[in-house]
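For clarity, chains are labelled A, B, C and D in written order, and residue numbers in each chain start from 1.
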Amino acid sequence: MSRYAVILFALWVVVLAATPFFAENYVVRAAIVIAMYSTMALSWNVIGGFAGYPSLATAAFVGLGSYVGAVSQVNGVPMVLAWALATLVVALVSLAIGALLLRLKGHYFAIGSIVLVELFRLIASSWSSVTGGGNGLNVPLLRWEPDDVGLFILMVMLALMILAFAMNVVVKNTRLGFGLQCIRQNEDAADMVGVNTTKYKVAGFMLSTILCGTVGAVYASWVGYIDPSESFQILLTLKVAVMALLGGAGTLLGPVVGAATFVILEEVVWVNFLSWNRAILGVLIVFLIFFLPNGILRTGAFSFLRSDGASGSKRA
Amino acid sequence: MDIAQLVVNGLALGALYACMAVGFSLVWGVLNVINMLHGSFIILGGYLAYFAWSYWGVHPLLALPFVGVGLFALGYGLQFFLVNKVVRAPVLTTLTLTFGLDMILYNLMTVYFSATPRRIRLDLGSFEIFGVFMPADRLIGMLLALALTAILYYVMRTSKVGRAIVAVRMDQVAAQLMGIRVNSIYAITFGIGAMMAGLAGVILVLVFPTTTSVAGVYLGKAFVVCVIGGLGSVPGALIGGLVLGVVESFAAHYFGPQNALVVGFLLLLFLLLVKPTGLVGVRGYE
Amino acid sequence: MSEPLLEISGLTSGYGDVQVLWGIDIVVNAGEIACLVGSNGAGKTTLMRTISGICETTSGKVIFDGNDITGAPANKVLGAGIAHVPEGRRLFRGLSVRDNLMLGAYMRDDKSGVKEDLERVFDLFPILRERHNQDATTMSGGQQQMCAIARGIMSRPRLLMIDELSLGLAPNLVEDLAESLVEINRQGTTIIVVEQDVMTAFELAEHAFVVETGKIMKSGRTSELSDDPIIREAYLGM
Amino acid sequence: MSGPVIELQSVARRFGGIQAVRDVSLKLEEGEVVGMIGPNGAGKTTLVNCITGVHPATSGKVLFEGRDVTRQRPFEAARSGLCRTFQVVQPFPEMTVLQNVAAGALFGQKISRLSQAYDAAHEHLEFVGIDQFADMPASNLTLANRKRLELAKSLAMKPRVLMLDEVNAGLNSAEINGALDLIKKISDQGISIIVIEHLMKVIMTLSQRILVLHHGELIAQGDPRQVVNDPKVVEAYLGEKFAKRIMGNDHV
């Protein structure tokens, strides 16, 4: 039931929010990263999970958000306003691109969306008068105590994560979510029962990008420096999809569980096997595909979380 | 720079692109799998040739068949034991799996070969015909690439396996009724894809410095070539490659080299939206 | 003469959760032409696909020429000597007539025998020789059906199963095809024809099996069945 | 009485070089049940696709209640009350039976609350007689019940015109009789129905009028008994024996 999901989510938010008060900086940083990836994975869930369109455009919009935020801040726009601006620009760009891109299906859609990442990266590196090109951009740093900065960014990221979760709950329980699920299962039939598939898909795509834009802008303010190859990474785009799959795409908690699991595993791997981290993540992904194809939440132990028929999950 | 020079540069580059992409296109067209490993296969082929040359003095042309066989075996094995298990799953699953495998291969290569750019310099000089300038190694690379692509085309057209691959691609059920074992054809196709990538890698290491970090760039080229030429056909990849080569050559001249890639990707997006079957497009194939 | 070649008992199968065949029993004798008739969706095609290993057998038994081939994969069934000309012909687009025919002989290694058989089918269907270099899917419906049948016999089967012989073809073409089948049968191949047009089927075949909702509703010699009042009423329209 | 519900004016549709439907003009009156017959590939399904905007007519006009709807998209057709079932049933396989029908109510009728849509869905499931399977995944239904599900889904959209494409194919005779009763009940609600069918029994039982398509052309239309005796129809589709049989059984 979604009620369990909401309660568990709330508890998890409290745990993450409490980290600055009992744990080291390193843990707080991890909590920020978890909240950040959870936001992205939850966003992805709207298009990739509910609508079943394998979007690989996440990094494109995170990066776009970073750049709009950073460029605005460099040009004197106050930080929070820069974040809002980034969100707005990402929303508009994804609306325009979505209207074109969602004419594609399956592999072609996946390719079209992944190419956006590369395209945005190339534009960011060649438009140097605005973006600083390959040298990147320095964003004005928050001149507070480091601990305060951590706490502040954590709260902002958690707020975004809560928003993303709320968006999933709302979408799932309204016509939009219902329509997206119809599209996932049989797009032609959806059309035939009166779903305006184009409109629904574009709406789903937009929702899947907006908060990514905000996350990007906040991230830029947090780390203080961005460059094209860091901001637009194919790896990030695939990581986010993998997180959602790992937890269980199309479920409410899946992306959150997946993001947390992935980030924690990644941290462990980073610390202990620096030169092998990529290979170990690769092994992890291969393992996931073969042993958890429907995600952690669709394994038997968590059946109580997915008993709501509307999830569209297969019944035993 | 005059037009003829730009066209020749473009064709020389395009032939390499065609050879690079043809295996990727075949795998995508026949198996419906986007093989994210393809870029790393190319690099692996290049590295193997480089190390054979620098440690044992093996001439790259001599290394070519060995690299081909080795990569075929690698591709066949990966498909047979891993990818085949999920080959009928949704796009995202196969794409993610091959990406995971790519991360492993990539990491292995950076650890064992390190990420230093490497190139086999044969110092063959260069020459000029009718005012068009051409380094000899580039010319050899282009001819090799064209020859390999042509051989693949010939084999696909005339051999039993080639016919079986086309049959599986066009109609799996009917292919089964002919006694064709689809999984085995899949593994062979994936093997051929890896083999062509490896061979392209050997050629590339003669012309450009090769390093693991350009794997993604090569993969990107393969994408573009496929979308331009259409999936799963050798002539499609050839035309796609040549078109991309020429377009990039002109774009680099008029908009600067750093923007050549942008033009390539814009072309890809444009074609995806306007004509997703590719310029050549196999009739009736979606 | 009337050795049983194909014996099917209690065969069930379907697609995923949907069961289509509910216990099929059939015996086809060596050297005969048999037909399966029945309405659209009765399960005739599923039966063909189950025999040839495209659909999974859920229970029952298929004995061919004394060998148990129950649930065998498609290549084993073909290897045992059963060729299946699928509904809708399903020729390979982009391949020439000749390449399509050669794919029919995919499992065979005897090059000279294949060459011989190629001549044989070209003699049987001269139009295919004329068009051997043409993309098979660009021919007319009747020619495509010829090509599909020819592709089927390129494996030198003992049993040839043809699904929906007359689908979408003009009546005079169907007559020509029927004659070719008689000729193929005369050369020693046992044939099962699935046919919606019961008249054509009964004229061609010696035995008939009437399939309805996944079961054999009736079977027997076609000469007797065509006198059966129920069959006359339901299928022959008399 | 107002004008026809649907009117086709010289509708034609070509795919590449193939003329699938050529110059078809016809009218459908309110509450009428019309049978459409013709050999495989005669253009029956294509004609339905022209009416519902799946493959818009390449020339000619489709009028629905006097409005030109030739260019409308499938979802708009569905919302305006032009509903159809498919030859191959198209459920949302992983959704429950109830959700499948609720989708029809939710999007076809623009009901915005999910709970209302579910209530409506139950009513329609009851009407077609499969309410007991409401919570089962649609893919688990038998073929006959999946066809009923298709009907319920269409009814949930409050159709003005219902196009039934081979809704009886693959059913046994008991199931067909059930379906016939159901279609009559639907027709009694004042919904105009076009039935595409190979089974002449169904066509003869239901139709007030028959349309015969052959090679994309409307070769005959009118009273069922006249049409089945039309020599052109006999030659193109029925065959002589069949025509005789239908006439012979007609008085039963």
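By our rule, a contact is a pair of C-beta atoms (placed from the backbone, for glycine too) under 8 Å apart; a residue touches a chain by one contact, two chains touch by 3 or more.
Quick caveat: nothing in here was measured; it's all calculated off a predicted structure.
**Student:** Going by C-alpha centroids, which chain is farthest from subunit D? Tell me that one.
**Tutor:** B
**Student:** Please work out the Cα centroid separation of subunit A and subunit C, and write it as a whole number of Å.
**Tutor:** Their C-alpha centroids are separated by 54 Å.
**Student:** Could you grab the centroid distance between subunit B and subunit D? Build each centroid from C-alpha atoms only and quote it in angstrom.
**Tutor:** Computed value for the inter-centroid distance: 50 Å.
**Student:** Please tell me the distance, in whole Å, between the geometric centres of subunit A and subunit D computed from their C-alpha atoms.
**Tutor:** 44
**Student:** Going through subunit D residue by residue, note those that touch at least 2 other chains and give them in order.
**Tutor:** Not one residue of subunit D touches more than one other chain, so the list is empty.
**Student:** Line, ring, star, complete or other: which one describes how these chains touch?
**Tutor:** Basically the chains close up into a ring.
**Student:** Using the touch rule from the top of the page, what pairs of chains touch, sorted by label?
**Tutor:** A-B, A-D, B-C, C-D
**Student:** Spell out the part of subunit D that touches subunit A in their complex, as residue ranges.
**Tutor:** Answer in residue numbers: 52, 73-75, 78-79, 83-84, 86, 90-96, 99, 102-104, 106-110, 112, 114, 135, 137, 153, 157.
**Student:** Under the definition above, what is the set of subunit D residues touching subunit C in their complex?
**Tutor:** 39-41, 139-140, 142-143, 166, 169-172, 198-199, 239, 241-242, 244-246
**Student:** Considering the complex alone, what residue numbers of subunit B touch subunit A?
**Tutor:** It is residues 28, 32, 34, 82, 85-86, 89-93, 95-97, 99-108, 110-111, 216, 220, 223, 227, 256, 258-259, 261-262, 265-266, 268-269, 272-273, 276 of subunit B that touch subunit A.
**Student:** In the complex formed with subunit B, which residues of subunit C make contact?
**Tutor:** Its residues touching subunit B are 52-54, 73-75, 78-79, 83-84, 86, 90-95, 99, 102-104, 106-107, 151, 155.
**Student:** In the complex formed with subunit D, which residues of subunit C make contact?
**Tutor:** The contact residues of subunit C facing subunit D are 16-18, 39-42, 167-168, 199, 212-213, 236-238.
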